[in-house]
Amino acid sequence: MTEATAAPVGVDAATPRRLLGTDGTLLPGAADVVGDPETVRGLYRDMVLARHFDQEAHHLQRQGELGLWLSCRGQEAAQVGSIRALRPDDHVFPSYREHAAALCRGISPSELLAQWRGTAHGGWNPDDHRMHICSLVLSTQLLHATGYALGVAADRRRDATVDEIVMCYFGDGAASQGDANEALNWSAVTGAPVLFFCQNNQWAISTPSVAQSRTPLHVRAEGFGLRSTVVDGNDVLAVHAATAAAAERIRRGGGPEFIEALTYRMAGHSTSDDPGRYRDSGEVDWWAERDPLTRVRRLLDVRGWAGEEFHAALDEEAMALAEGTRIACRALATPPLEDVFRATLVEETAALRAERERFTAWKESFA
Amino acid sequence: MAEPRRFTLPDVGEGLTEAEIVTWHVKAGDTVAVNDLLVEVETAKSLVELPSPEAGVIARLHAAEGDTVPVGAVIVSFGSDTNDPDDDPDDPPAPPSPGVQAPEAPAVEEERQSVLVGYGPSRATVARRPRKPGAAAELPAEPVPAGGRPHATPPVRLRARELGVDLVTVRPTGAHGRITRGDVEAAARVAPGETTATTATTETRTAIKGVRKATAEAMVSSAFTAPHVTEWVTVDVTDSLALLDQLRAERGFAGVRLTPLLLVLRATLSALRAHPEMNAKWDAAAGEIVQYGDVNLGIAAATPRGLLVPNIKAAQRLSTRELADALGELVAEAREGKTPPARMAKGTFTITNIGVFGVDGGTPILNPGEAGILCVGRIVRRPWEHRGEIALRSVCTLSLSFDHRLVDGKLGSEVLAHIGRLLSQPSLALIG
Amino acid sequence: MSAASDVAAQTLTLGAALGAGLRQAMAADDSVVLLGEDIGALGGVFRVTDGLQAEFGADRVFDTPLAESGIVGTAIGLALRGYRPVCEIQFDGFIYPAFDQIVSQLAKLRARSGGRLSVPVTIRVPCGGGIGAVEHHSESNEAYFCHTAGLRVVACASPADAHWMIQQAISCDDPVIFYEPKRRYWEKAPVVTGPVPASAPGLDRARLARSGSDVTVIAYGPTVRVALDAATVAESENRSLEVIDLRSLSPLDVDAVTASVCKTGRAVVVHEAPTFAGLGAEIATEITERCFPVLEAPVQRVGGWNTPYPPARTEELYLPDLDRVLDAVDATYRY
């Protein structure tokens, strides 16, 4: 296939680490690190399901069932590849676009959609899935991840069998915030067992990544003292391999690391956004040709690793997930406001209780 | 949960209030699957594609391309629904998306209230939500001032200060033991409630207010407006006293308090019937002399609240017995301090009894709005000419002040003489 | 309206009226620059700065890296250099990374320099709830800034007022926190665009939004509309509410409030922020101190509950609405 246009400004000039070409062929040396066909099928399935879920959520927002949706379309490989390379007990700190990663961790559509529907702030219990609730204030989670990792390290000093690591997702825009840079410095100087996974999807709403940072993010991270890698974020195999390797090093006490996954935000920032105002459709087309799902599909086809039955079954599963998502979304009930009073502090103060009771009396005074 | 039959325009961009229909991608009768593209709309932020929330047949499109539709309005119906959503009372509209604004009312300008600057509210969409009965919120429990401090709200305290009322002395009648404004004002009218401040010297100061103030003002007004002339006559009332004794034995007057004052009233009414021009007033403002129809006979009375002049309305119509009853009632009322304001209004002639104080006569000041006032002195035993001899007789001095603008000396004298004659010879009343 | 302008009124949304005010300010003074996230090509997430970069160029209207502390910190520097920066904080809940720059630096530089340093920075903040937003996007944090000496804090409530107030804020030499009620961004009204006439009320003045005789309702930003709606209903109940749009939160126009409450004897304050230690508490105290002898009832405060802002689907129960305002009005008659 031909390149539609020259590479858009912002893609790192250095060759990103890639294992799988856009045409579905494995690059030289890839065979050593790429897993067995079953692993590849599994990664593909995760991405397909994530995309269908994301698409369904977008439709639900347009139908008035969700207040807002921030699509992860195009970033499936960056998320699936990384999260599947961790252990289930490695704690993960997401931002707000890691729907594909969340699904892989077993968070249900219902739990994922609650905060976008407005029936909850954090839709799931972090302990159940070892995944923190979403952080909408950008980059705040990098400090939280660093602190959590320091806790893991402290636990490890008491018990050498503790070898979890912590992974933190964030974007290129968030990297400009003070908290992000404090966290990079802090983790490096303390040796915290944390993997900072940056999905550089090229845009922070309407601000391109070249306007966020003069130097590539993975170079900046190196400057702070973290071992850094850059990968083609749309190559799920490369992402998986890079993450697995970094996780292993951190687990063995190698200190914090940074992975920059170059990917693309195919949709707007959110359902409130209008990307046509600030970016070129040619750019979107260029990245569409580098779609993460397409190249894996090609690999599976070329290698004969997945037949018609596999794809048919996967389609059915995807449709069922979409249907289930619709049903789950509409079934999300609005909780009583009284719950917030009780959840503000460990113990409801007398003042809060009195106010809650006044609120309930007022609410129930209406016919 | 029920599938929606009607699709309302959602808020697709965090607080948007409306959108313009740009392109319909379906029409009535089309069969659609879930998520099929229905329509493209333009919002203030961007062009948005709206996918179908359900599978089914499009029944009706509720807006045309180019229409601006408010968030929450029905845009598409499914199934066999060809009715206007506003016509169907059984099927409530789908609830609006979170954060939806109330739809803007059409023909906005005349519906809006004018405000000083900017945009007023729309009448069409605002109302209280209906309440369950008896749902008024309770106030928090009212704290009662400790230590016996009086319980009154700030405006009541201010009023008390203005009136010179000490709240400690006021009896509260309000809820929660509160002193009300009325309690304070009532306390201000009662003489014992007056505050007096004693200074270091022997001097005592009392605030001028209430009845005393009102009375003084009336007197000043009367005294310095109407030119007063006072005439007097001293008459032998022995026969009137004898008449009273007779009446006491009469069954028709049993239980009635019979006093010389009653006979004075009777004599005065006779005089005013003979000389109605005395039952009048000089209305300077209207430039007219007003001749009253009735005689509302005022009796000056000393009450706990001060000097009042309640009157007996249309006294000229009353029989002596009725007059006695009316007088008794009036006096009793006055003594108890319960004279109603209506009783004191519209008097036409006043009688004041100073004899009870042991004096003979004086120069009474007219009640404003009246032309004459009669002062009745004490009845004393005096040596008097009686049937050509000197005898001890009961005599009484009557003093009449009148408004010389409308009562000349002749009239005044005639009225006074008439009263005196009847009291000295009560049998003359039989004649006329 | 001033007779000095011959320009006819156009119907504008509050967002567009703000944009027109920014345009006016930029045209009148070359030192005015706009900075913020996504305000250039995108025109701002609420489209307030739509078209301004195209008109005035990327030197005067520019997107910043994603860092609120950086936005305010660099604005301070620009101001020290003689520019008049107008910062946009994208949502109220994102102002906190800039909190230190605002309260430690922006508010105090004049005092710390003995009056020598001037930092005429305007910080525009979309505030408040009612748009079904996700967390951190519906905050009312004016109390923190009102409590910080050295800042002026204002809130616009209507398109015409917003058009003038933003110009006044920019030309004010003090730092101004400029709150814009995001749930009102799309409401429309006639606006005469142009420079602020001499007859316009000062930035530190309240506005009589509706005259009345029975109860004074004090509101600002998003709750002004709620108060006016409540007054409409009250009228049908034979109660006459006087509505004051505070406009200036710090300093407070206590004279206007006092005059009104001394007339009515009853006061209700309405804000979205939680009542505990909120601006309503300050207003209630001022009223109590100045109008005590004529107060028929304690000052009522209607505000958000004292919990973190709840999930969007429950926010209508959290935000002060017409019923709660009228309940408070009713309460002033039960004393």
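For reference, chains read A, B and C in written order, and residue numbers begin at 1 within each chain.
Throughout what follows, a contact is a pair of C-beta atoms (placed from the backbone, for glycine too) under 8 Å apart; a residue touches a chain by one contact, two chains touch by 3 or more.
Worth saying up front: this structure is predicted, and the values here are computed from it rather than measured.
When every chain is reduced to the mean of its CA atoms, the largest separation from chain A belongs to B. Comparing per-chain C-alpha centres with the mean over every protein C-alpha atom, the closest match is chain C. Of the two chain pairs examined here, A-B and B-C, the one linked by more C-beta pairs in contact is B-C.
Note on chain placement: the centre of chain A and the centre of chain C lie 37 Å apart, centres being C-alpha means. As a whole-number value, the distance joining the C-alpha centres of chain A and chain B reads 75 Å.
A separation of 46 Å divides the Cα centre of chain B from that of chain C. Across the assembly, chain B contributes 11, 14, 45, 97-99, 129, 137 as residues in contact with two or more other chains.
Shared interface positions of chain C, i.e. residues touching 2 or more other chains, are given as 132-133, 137, 312-313, 315, 323, 327. Of all residues in chain A, those that touch two or more other chains are 67-68, 117-118, 272-274, 277, 362, 366.
Considering their complex, residues 37-38, 40-43, 45, 63, 65-70, 93-94, 96-97, 132-137, 276, 305-308, 310-315, 317-318, 323-324, 327 of chain C touch chain A.
Every residue of chain A that touches chain C in the complex is listed here, in rising order: 67-68, 114-121, 136-138, 173-179, 204-207, 211-213, 272-274, 277-278, 334-337, 340-341, 343-344, 351-352, 355-356, 359, 362-363, 366. Of all residues in chain B, only 1, 7-8, 10-14, 34-35, 45-53, 96-99, 129-132, 135, 137 touch chain A in the complex they form.
Chain contact summary for the complex, chain B toward chain C: residues 11, 14-18, 44-45, 97-101, 104, 113, 115-121, 123, 126-129, 136-137, 139, 153-155, 157-158. By the touch rule above, chain A contacts chain B in their complex via residues 56, 59, 61-65, 67-68, 117-118, 268, 271-274, 276-277, 326, 330-331, 361-362, 364-367.
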